[in-house]
Amino acid sequence: MKITVGIAGATGYAGQELLRLTARHPALDVTTAMGSGASEQARKLPALTKIWDGEITPLSVDQLAATTQAVFLTLPDAVAATVGPDLVARGVRVFDLSGTFRLRDAAQRHRWYPAVPDFDEPVVYGLPEHYRADLPTARLVACPGCYPTAAVLALRPLCDADLLEGDVVVDAKSGISGAGKRPTERTHFSECHGSVAAYGVLAHRHGVEIEQELDRPVTFTPHLVPLDRGIFETIYVRTRTGVGATDIADTLERAYADAPFVRLTGDALPEIKHVTHTNLCDIGWKHDPTSRRLVMVACLDNLVKGAAGQALQNLNLAFGLDEVTGLL
Amino acid sequence: MKITVGIAGATGYAGQELLRLTARHPALDVTTAMGSGASEQARKLPALTKIWDGEITPLSVDQLAATTQAVFLTLPDAVAATVGPDLVARGVRVFDLSGTFRLRDAAQRHRWYPAVPDFDEPVVYGLPEHYRADLPTARLVACPGCYPTAAVLALRPLCDADLLEGDVVVDAKSGISGAGKRPTERTHFSECHGSVAAYGVLAHRHGVEIEQELDRPVTFTPHLVPLDRGIFETIYVRTRTGVGATDIADTLERAYADAPFVRLTGDALPEIKHVTHTNLCDIGWKHDPTSRRLVMVACLDNLVKGAAGQALQNLNLAFGLDEVTGLL
Amino acid sequence: MKITVGIAGATGYAGQELLRLTARHPALDVTTAMGSGASEQARKLPALTKIWDGEITPLSVDQLAATTQAVFLTLPDAVAATVGPDLVARGVRVFDLSGTFRLRDAAQRHRWYPAVPDFDEPVVYGLPEHYRADLPTARLVACPGCYPTAAVLALRPLCDADLLEGDVVVDAKSGISGAGKRPTERTHFSECHGSVAAYGVLAHRHGVEIEQELDRPVTFTPHLVPLDRGIFETIYVRTRTGVGATDIADTLERAYADAPFVRLTGDALPEIKHVTHTNLCDIGWKHDPTSRRLVMVACLDNLVKGAAGQALQNLNLAFGLDEVTGLL
Amino acid sequence: MKITVGIAGATGYAGQELLRLTARHPALDVTTAMGSGASEQARKLPALTKIWDGEITPLSVDQLAATTQAVFLTLPDAVAATVGPDLVARGVRVFDLSGTFRLRDAAQRHRWYPAVPDFDEPVVYGLPEHYRADLPTARLVACPGCYPTAAVLALRPLCDADLLEGDVVVDAKSGISGAGKRPTERTHFSECHGSVAAYGVLAHRHGVEIEQELDRPVTFTPHLVPLDRGIFETIYVRTRTGVGATDIADTLERAYADAPFVRLTGDALPEIKHVTHTNLCDIGWKHDPTSRRLVMVACLDNLVKGAAGQALQNLNLAFGLDEVTGLL
């Protein structure tokens, strides 16, 4: 019997990607797909005709609780903050794609997510490659977005093995779909085409999230580059004295030997085009042992491994399915 | 002494292009640049620092009349409809970039521009290559936009010489800046990137304007293609029996022998990239005398020859300056 | 037991797409993937790591015949012309993606494919929506490319129902991957970005192919637009006197009632972005009964429905599988 | 009387930009434009019709020496290495756009430009904002390219004022025209579109050039991003203890008070689109005095301020003209 799932926030870019992925997933039955508000009109999504022909209905926690075993949330932070624990309390397992539940430190969360009230529900940080063991019993999973996923997958094993020294610079280049579906001056085609822009410099909450997962100071700068899907992170750090090329390669290979969605490209650096429309994260690096400079590159599709695909990977593991089901 | 000019609607894409062009024009003094409304805040345009360092002030017809000999209008149709004749009545020569004054037939104008009241002011259609003689005495010039400019420059000489037969199909591909600066779902980067869309099919007022200038039925279909500036029109028509390759070439060459901004490329078809950031219109064609099929291609930059540059070319001719002043 | 398949020409854009699709197909075993020449080096495709980890080997008909029941060919015309019939003679079923076998009239084929020698092998034109009945017994299938697929899917039912009158204009806008993987001036990023270009005007062999399938004169103009994947065709034609909106809609709906990959969007015109990375072809239209003008729009992904996906759809039907297997 | 100038290498992207700029320059007479080799065919450039209608002739040092007072060289390094000093010896002033003459340290030059023989000619580093005083007497000017120009303009005043501490990271995002006009896999539209790629990581000669001008270790990483023209550099460094916001702003404002082409945007960070098709370099920054992190952003058009415009600015100053002549 199939697992019944719902999607709340199904009309945004991540929500539509979730519909595409879950519609063809052999073990899931998408019983419910909702918008982001209780007063929205029910409607069809013409772009999904013959892919998922259901109707998008207004947001209703009661209906989600009545019809699903698991729910994906792609809602504004403050809405997710109440809907998520509410669903968990009613026995529904929740996979949240917002930033609401990601920061463990309450003071940091208050600062960066001021609209989010406190909650008691235990949270699993949904980066399956590093929290796989916690997923089978998880009830509320905070799935990290594109920026932390790429940076943490690249750096976490090296931090854990204590190969690095000093600060980290993460220079991220993101496709415009990462800025969301709402039309703004920033997302106008003519403002983005032929241009590059930095934003949130020295003040971006995803930088704090990366610091949480690495336990190390991070200078994080996101940029919008003129493409639709995918991010590319260039990471600058120094290795400890004596660390050599094989230390880096061996550490990463051990960490991801069983990870179906992490590909280590060594010094053939990754490119966005090789990962878009997949759940893969590609990681490459160059190291100069003399100056101890290490430059890493990590790429992924912000709507798949950075959003919908990662959430589905979490659900697969949470329900005891093969991690790759519906994601190849 | 320099000619004093003003720009009303200086913050849109065409308005900013006008500022760039007029700021470096040796015979013009830009005394006034205004927004599109009377209640806008005065402000600077940072992107124009060290190019034009003046301030954008709220729309005021009194101030325009007091400080300028000529005004460029890039305002909404209904606003232009009152501001234009008002300025003319006060002795200011007006170069209007909206559609307000372009259609000569009142019934057509009522249908396609329902918000525009009737006006008595005589209008010159500001396509200098075909209305050059009327400009020195013109007081109100209706500058055609990108779509009619390209189509009429390509076809008018062949129509005048009676070389064509039957209907015309004009399939236009436009950069997104042609859709204006307001953020909408249609102009969102992620909706345009990697996509093409048709709009206004069988119901676009620029099709009517092209028909007016050619006196011939036209099927006009505009498309948005994922680039910022420039349009490309592919034109399909049949030649009359007996019309040969030299008839077409000779007719076009005669028509544009003295036109500094029309380049005839013959059967080496034009490309958008050769005309962007210039006031040029490139025109090429292929003819099959057996089937009498004629396919023409016309390209121009929608913000220059399709808007600001054309308006400036009209002003140059209206004031007795060399047509190319400030446009090379 | 799985069907053993091979791909000859696996390193081009269509070939790599075939590898991605067949690697996850539940009923196929990709035993062999080859380059386009006998003297190429064997090599891996890093972009396909963890998707298809096999090795690309040099082209060898003997090896294909020894290891496969079916072969996809994406080879130069002249090579396909000998490899295709050779494989069929050895009992391998062939799905050819080149133009080699598509034109039924020998004189036309000699003119447009001068390098292709004559062949005796019976050919099925691999547009499954119109030749479904012929596929189960087909031994050599000539899969149409993106341009004819879109135009023929849109127009064939209306031609068959005799609703149209006179010539057809097909104005096609194609992504650059349609120009192939070889670096040329035409495919240089800086030549394509921000530009549009027409090519093959009044002289393109796909125009002849469309005429063959419609039995009607066609003016076909392909354009390169600055996107990677997908084509968009705008089609201009006249309906016969008395043809109304329901005639058109009913005819198309009847034709494609059972076609899982054709979506009729009516007067909500299709956009490329809704079909990329799918095997779908979206078709919409606008009709003016007074002037009898009909404008149709058809979109598809040139590498999927216009190449690899269509070939796989043909194979599914040829081997008695569900048409959609591996294509959702 | 006008200054006679020549261009050697006029068909590449920088060369064509030089033709566009010099053709409309009021004090220059472009007597000669040559290709990059002695055996090339003479030919016209159709894209420049009615802009510069001369003929591109084969490379000839004799002819350059006979017809010009000044020559711009955009030639391969090894060719520039012999042509440059040869022309200087014959009394022609040379403005070289290659990397040949930029590195002052012979050992570094041998390493990064192995094909370049030693030369005795004194060289002026052609960054006018910092070497203005040397230009009036310069005979051989090595114009820096886009990467060093942006980084050195941003950092040099802060280095000179001793406000910085430790290493610098320069993360550069470049449009594809920076990779040159030759079609390669790297410049294929389908490889660049929708993608980002890093190259020359920890091993790029422009990093060495930046180190030369800053006298400080630099980690320089160039990336190709999917746009045509323009670069964007994000710069990471630490300020010395006690350095405050006004120190940074005052230092930069003093340095560029008289520089017509440098715009300081403060904490409103620059964007590529504001500088393309201009000779401007925009510089902005964010500073966190607590952590002493400084993030700077510098943007310019790689073909203008990063190539042709800068060379022309140098020539203007070398010949005693106003720096901005022909560049507004």
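A few remarks follow.
As written, the chain order gives the labels A, B, C and D, with residue 1 at the start of each chain.
Everything that follows uses one rule, which is that a contact is a pair of C-beta atoms (placed from the backbone, for glycine too) under 8 Å apart; a residue touches a chain by one contact, two chains touch by 3 or more.
Since the structure is predicted, the reported quantities are computational estimates derived from the model, not experimental observations.
Here the chain-to-chain distance from chain B to chain D, counted in touching steps, is 1.
With respect to chain D, maximal separation of chain centres occurs for C (centres as means of Cα atoms). Each chain gets one centre point, the mean of its Cα atoms, and the points for chain A and chain B are 46 Å apart.
One inter-chain figure worth recording: chain B and chain C are separated by 40 Å, centre to centre, where each centre is the mean of the chain's CA atoms. Note: centroid distance chain A to chain C, computed from Cα atoms, is 36 Å. Looking at chain D, one finds that residues 175, 191, 193-194, 226-228, 273 touch two or more other chains. Looking at the complex, you find that chain C touches chain B at residues 169, 171, 173, 175, 191, 193-199, 201-202, 217, 219, 221, 223, 225-230, 232, 234, 236, 269, 271-273, 276, 286-288, 291, 293, 295, 297, 299.
Looking at the complex, you find that chain A touches chain C at residues 24, 46-47, 49-51, 194, 260-261, 263, 265, 268, 273-274, 277-278, 280, 328. Partner chain C is touched in their complex by these residues of chain D: 13, 175-177, 181, 183-185, 187-194, 226-228.
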